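A short write-up of the structure that comes next.
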Amino acid sequence: MSITRKIVLYSLLTLSVLFMMFPIFYAFMISFMQGGEILRGNLIPDSFTFANYQSAFEKVPLFQYLWNSFYVSAVVMIGQLIVSSLAAYAFVFMSFKGRDFIFFVFISTMMIPWEATMVPNFITVQKLGWLNSYSSLTIPFFALAFGTFLLRQQFKTIPKELFEASQVAGISRFRFFWNVVLPVSKTSLITLGIYSFLTTWNMYLWPLLVTNNESVRTVQIGLKQLQSQEISTEWGVVMAAVVVVILPTLILLFIGQKRLQNGLTQGAIK
Amino acid sequence: MKQVELRNVSKSYDGKSQVLKGIDVTINPGEFFVLVGPSGCGKSTMLRMIAGLEEISGGDLYIGDVYSNHSPPSKRNLSMVFQNYALYPHLTVEQNILFGLHTKKITKAEQKKRCNETAEMLGLSELLKRKPRQLSGGQRQRVALARSIVTHAPICLMDEPLSNLDAKLRSKMRSEIRQIQKRLGITMIYVTHDQTEAMTMADRMMILHHGQVQQIGGPIDIYNFPSNTFVASFIGAPPMNLSQVSFRDREIVLDDHRAISISEEMARSIPIEERIIAGIRSEHIKLAKGGKVSFYAEAVNVEVLGTETLITFITGNKQWIAKWSGQWNISIGEKLPLYIDCADLYLFKQETGECIWHQSNRHDQYSLKEAIF
Amino acid sequence: MGLLYLSPSIILFGLFLFYPMIRTLYLSFFLTDGQGVPVSFVGFENFTYLFQSASFQKSITATILFVLYTVPLGVILALFFAIIANEKVRGIGFFRTMFSSTMGMSVAASSVIWMFMYNPAIGIFNKLVVALGGSEVQWLLDPKFALLSVAVSTIWMNTGFSFLILLGGLQNIDEHLYENADIAGVSYWYKLRKITVPLLSPTLFFIVTVSLINSFQTFGQIDILTKGGPIESTNVIVYSIYKDAFVNYNVGSASAQATILFFCILFITILQFKLGERKVHYQ
Amino acid sequence: STTGSQTEGESTSGAEAEETSGKQEVVFWHAMSGELETVLNDIAADFNESQDNIEVKPIFQGTYEEALTKFNTVAGTEDAPTIMQVFEVGTKYMIDSGHIQPVQKFIDEDNYDTSQWEKNISNYYTVDGEQYSMPFNSSTPVLIYNKDAFEAAGLDPEKAPMTYSELKDAAKKLTKAEGGETSQYGFSILNYGWFFEELLAEQGGHYVDNENGRAGNATKATFNDDLGLNVFQLISDMHKEGTYYNVGQNWDDMRAAFQSGKMAMYLDSSAGVKAIVDNADFEVGVSYLPIPDDSERNGVIIGGASVWMSSGIAEEKQKAAWEFMKYLTTPEVQAEWHVKTGYFAINPAAYDQDLVTQEWAKYPQLKVTVDQLRDTKTNTATQGALISVFPESRQKVVTAMESLYQGMDPKEALDQAAEETNRALEVANIKQGN
Amino acid sequence: MKQVELRNVSKSYDGKSQVLKGIDVTINPGEFFVLVGPSGCGKSTMLRMIAGLEEISGGDLYIGDVYSNHSPPSKRNLSMVFQNYALYPHLTVEQNILFGLHTKKITKAEQKKRCNETAEMLGLSELLKRKPRQLSGGQRQRVALARSIVTHAPICLMDEPLSNLDAKLRSKMRSEIRQIQKRLGITMIYVTHDQTEAMTMADRMMILHHGQVQQIGGPIDIYNFPSNTFVASFIGAPPMNLSQVSFRDREIVLDDHRAISISEEMARSIPIEERIIAGIRSEHIKLAKGGKVSFYAEAVNVEVLGTETLITFITGNKQWIAKWSGQWNISIGEKLPLYIDCADLYLFKQETGECIWHQSNRHDQYSLKEAIF
């Protein structure tokens, strides 16, 4: 690659990264600022202070919320992995009547606006006695059309011969699923895992609706709790909370970026 | 060792077109039986029906005298080696070899023993802890083989197990597989589309074409006495040279009016009115020495392959190839005097391709005793 | 047998998606009380009223505009990032990670940040505009800008995901195709136009479809940034549904809108498949 | 099927009897976020410590709308909270819901003296002489202005504009425009229906018919009469003159604009006053709402929220809740509440507490807010409208306000909002079976 | 027609290990030059350096006498055919063929003309409107070929273009490519790991191993006079039989004490102290007739391939293979009297593998004239 091309490329990359990262950088900066500075619209704090973080943690039980978010995200992740992979397995390795139709129905669920189903779902969850428990935050999300789709694409790349070889060897379907299909699809499972962890971590309205106290509430609610309506919001504190909320997912993303990319692509194009 | 018998077996995937038609064959216990044919002729389908991976649409399958049309694969007591080996990529060689043995109710100790034995036999002992992706093609092939041997199943099915290997390795594996099969006395049903493999490995082979059996027999018999033009051109490299011919008394005339004189006996056996195709193996087109020239031809391509030379020339609108042993320094365009012994000719009916005449014995068949003394 | 493996999904989908969807459909023919209990059957009245209502028409316009703003721009931006991040140079891993970072940002957190940046008095945007000699803009208060501003923040939020997928798609293109083009000596743009874009089309198709569906269902940022205002210019259908159901307790009307939205998305997705499939080159 | 499936997490939903600890648990759902939540939690903690029988658990449930949505879905079930905070416009809705217990019952049983409450506050939550809920966080709008800017513009910083024309004049002087770029605007109102309602009531205007819905179900919007038009005309005029700044719907944006000197006068909630004074690096003045020149000052409607008691729960629980409500209204608690949050004290006796007098000395502006409330005349106009579709109607008014900035005719904008309110009222009445 | 010259060219990807070392070769204008060697030896790397797709780490590259180390691929005026063809799946055959031609400032009409010509030549005329996925392997191969021919570049590079085809098609394409190259007079640099391809196609070939040139020369010369053991075992199928040997006066002794007597002349040329490897091609291990027995051996495997028979037997710890023409009916275990003419032996130094002795002329080289008269 010629030097000029390299220079052009790096400038483009740098500019784009500046553009993409600025909001995040800005949030970081504000989280270190004191009241007046923020309203004056400064970009860099005069002095870095952790006071905002301290008061964010004092005002709402952020640690508890972080734990809840983590727990809920992890459970949803595992649940989605299990349920989606079971479904994808059936779609790929078993033939039964109406398979394609059911698959189409599965995919069509992606088009149902979640907001439209919220009230009936709330009533369902309430009738099940799940209000204010982790169940209501997790179980309804175990089935995921996108995940089923992604894994189905991956499972389709597993050579049919592996399945046949295990049939000849007399291995049960479930054992094949458990001992072969899942381990072989590790990358895709990790991808889906990261994806579902991230999306669950970021849920807001539903957790608010079905939880009643801090023992099960998630961190996005904490974020909301720090903003007031009729009286002034302390922006520094809110930004500190924003940072606390996004940090775990950003770290997860940075660690899993490569895997996520490979896995998602596999689902997208085959 | 078990016998496998197919009685009038047929297969259709879509209920309309028949992929296999009326297959009748008995594979003897301990036999190395090769199924050969061009791509898409139904070889895999037949193998998979024997394995129980594909339903049988018509006819009966007997495995060791037991009617087995409907028994599940695991109950047929056979093992299978797939073209792409179907190794489990996440398991080690050892785990791959032992995968599924537990279903046969074999103790851990016995499993271990068998695994070591098999690995020893196939030279895999050093590799037991590796993953498949850390193995070369030939090693993978051997793992697949080991996995099938370790089950001690009396019947082994293989679907083009060598086609992913390079030429050198392939020829090595050929003899390895053959030796193991003989040692263990397994009944082997082996699919390939490579005629060299078929020729060198088979006790008997079956040639399939368009889902129909063309010929069943020992490799040499099939090479020497192909039952029709398809078999004649499919078996043998380069393939048998074939051309439509007509007759003039005691002469066979090619379509460019070149002629080969034939014996009286042969002339008598030919039904004059039929449209006939004549065939000649490339090794039987010889350089004419001492004036015994059948015709002259101009070399259009010459390939010198170490110990033999392939010379391509045109007769009528066909390219024929002559194969001479030794390294021949022939330039393209050179005129060659060629001689064909009429005894080496094959004659086929044009419509059906059926062989209507061939010599009863090849004259280049030798046995040691005759040769030495 | 297969159904056994599918049953967890089927049960969960049935319970938490299909049942509520059907219930929504059912409720769209009723007036309901505050708790969503149907009170009186009104037939298609909810729908007919919607189609006459100026406010709903505004919603539709806003939704369509929003989709038009976010989908093409978002995909093009992500594609641009993916293309420049697909070069093999030192440190590219860092840039890739940065570009994908918005995927880890929650809508709530991102919106708070963007709200701050849009603030007319202290936000960075107006500072920039003024510094460049322009006059201040009321980003979220001016009906001319509000939807666009929300769209910009949405594009930013969605870029990470689109970027990751497109980058993966690019990396799946056979390197030899470019080498052949190098030998033929065609220009960078020609390669982009004649090789990259067509061969990326299945990935592009996927990402456009997903973006379309997501765009139709955008909620969080609207709630936080504009609450549907000003003059309902950002009152996209999903937000309107939310407001009708949860603020105004017109569950019937909300259900009718949800029904319409569902069929719109379904229709557009099918249309997209029908049209798109033809233009997409699968390997 | 509702029992036994409770999984992880402490269950603290409404009706859960806490026999084990021997304490009555009172679950209190509220929408107080940020600093407010801290204060509320402190008060609840103090109450819990003050006695041994009752445990109050305040739980944040999102915005008023979100909290009400949630209450709405659980009302009448065992998941319902004992005490529920609802914003003022939800009053009619709560009354109609049938899932609340008017506090009048306990007032009567207890012979509780409600006259100690600020009449102008409790009135709002009184319908047909019955006290439905207990006022809790109450505020009214006030005019806030930048005294420094007043001085700079040659205006008397101690004399805020009291009428619309004074307002317009002051705004003109305060507006600093240079080459099409306005660095300081004169005046601003948040795009929030509440301010319109207040400016209407200040003139004695009714929002809806049937005596603001208090003499029977409202059927028609009346806010598009001349009085309402006055307000819209004012906004429209000032916006056209370039002295009016559009701050949007967000309270924080509005305050940021004021603090950064973007505008010199605006309307804010009395509850926000203290923070404004604290954060501003200039002198802040507070005054009454302005009225049209020929109008008579009628007074303001109370805003904010009140706390409601659920019905269908154990009598003991209700009693416990009532105990807490009474505690809330004691002068001491109210003094703390007022000082720390800026909301009014429901119990005026609180203003005599040392805590308050000291605070007022520090923030004389706070007293102005209380005075404005006390000067309010008691009538159906200042009692506030009673309609169930208030939130929806407010959205329509907001949209109408926003259209003014786009140059729409004030009358037309207002009529449109009224018409849409009428339709909502109609639907609501159908639902109620009338 | 252009010459390509590499002077002491080397390549390292990581700056540490050298993938290619000191390559010195001149490829003549119009020559069909084959680069052959086992997988990973650096063939593709060398080709890609010539194409300009890979940087040259050391040494100089001249294309048609122009120093070209740093010129971009498009300026080198060459064309390339990739192993996987690198066809654009979204373009039709015609568009694929014409891809990039516009950069050469060729008019539309001329493009059309060239495309039709080339398609005609390669039998693609019927397929111009198809997409690659609608083509068979051989057809795809031809499209790739057409794309490179249509540029009229004087140099064409091919990287294992036939390795994805089946055996039959491969042999057909071999002669097609060869004929086209001759017709157009292109300088061809052709990479393969298949020695049959190399032998049959090359004017000259270069054998690479571990990044180093082993031998450059005509195929027959290399077959007959391999410069070291690597070349000896790489070229020829079955490979040359090699075994470590010792000397007893006028005898070569294999490690199982079998001995082959040698001529005096040969004995003189052998440096006694060296450790020596002896090699013999399988066609030179003959059946001993008339008492002239070198040694006896037991057949461990017999493969009859139509016209020839491969017999495997053990000498010391090595398997040797003898190749006899004709169909031999030999059973496994049979004892064979074998004869090796010492003139057919090759001798190599053990350490370096370098060839230290071979006959100067093969006695199975024929020319037509001699043979006939």
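The first chain written gets the first letter, and so on, giving A, B, C, D and E; residue counts start at 1 in each chain.
Here is the rule we use: a contact is a pair of C-beta atoms (placed from the backbone, for glycine too) under 8 Å apart; a residue touches a chain by one contact, two chains touch by 3 or more.
If you want to know which protein each chain is, UniProt gives these names: A = Carbohydrate ABC transporter permease; B, E = ABC transporter ATP-binding protein; C = Sugar ABC transporter permease.
Not measured: the values here are computed from a predicted model.
Asker: By that same contact rule, can you tell me which chains touch subunit A and subunit E alike?
Answerer: B, C
Asker: Any idea whether A-D or A-C has more C-beta pairs in contact?
Answerer: Pair with more contacting C-beta pairs, A-D versus A-C: A-C.
Asker: Centre to centre, by mean C-alpha position, how many angstrom separate subunit A and subunit C?
Answerer: Chain centroid spacing, subunit A to subunit C, equals 17 Å.
Asker: Suppose each chain is reduced to the average of its Cα coordinates; what separation in Å results between subunit C and subunit E?
Answerer: 58
Asker: Using mean CA coordinates as chain centres, what's the gap between subunit C and subunit D in Å?
Answerer: 36
Asker: Mind pulling the subunit C residues that touch 2 or more other chains?
Answerer: 36, 119, 121-122
Asker: Residues of subunit D that touch two or more other chains: which are they?
Answerer: Expected reply: 66, 69, 73, 256, 260.
Asker: Between which chains does touch occur?
Answerer: Pairwise, the chains that meet the contact rule are A-B, A-C, A-D, B-E, C-D, C-E.
Asker: Going by the contact rule set out above, which residues of subunit C touch subunit E in the complex?
Answerer: 174, 176-177, 179-187, 194-195, 198-199, 201, 281, 283
Asker: How about subunit B: which of its residues touch subunit E in the complex?
Answerer: My answer: residues 39, 166-168, 171, 174-175, 178-179, 193-194, 196, 199-200, 219-220, 223-224, 235-238, 281, 283, 287-289, 301, 303-307, 312, 323, 325-330, 334, 336-337, 362, 364-368, 371-372.
Asker: Quick check: in the complex, which residue numbers of subunit A touch subunit B?
Answerer: For this pair, the touching residues of subunit A are 159, 161-162, 164-171, 179-180, 183-184, 186.
Asker: Under the stated contact criterion, what part of subunit C meets subunit A in this complex?
Answerer: 1-6, 8-13, 15-21, 23-24, 36, 80-81, 84-85, 87, 89, 92-93, 95-110, 112-114, 116-117, 119, 121-124, 127, 156, 159-160, 164-165, 167-169, 171-172, 202-203, 206-207, 213, 216-217, 219-220, 238, 241-242, 245, 251, 254-255, 258, 261-262, 265-266, 269
Asker: For subunit D, which residues are in contact with subunit C within the complex?
Answerer: Listed in rising order, the residues of subunit D that touch subunit C are 65-66, 69, 72-73, 75, 93, 96-97, 180-181, 191, 246-250, 253, 256-257, 260, 262, 389, 391-392, 395, 398-399, 402-403, 405-406, 420, 424, 427, 430-431, 433.
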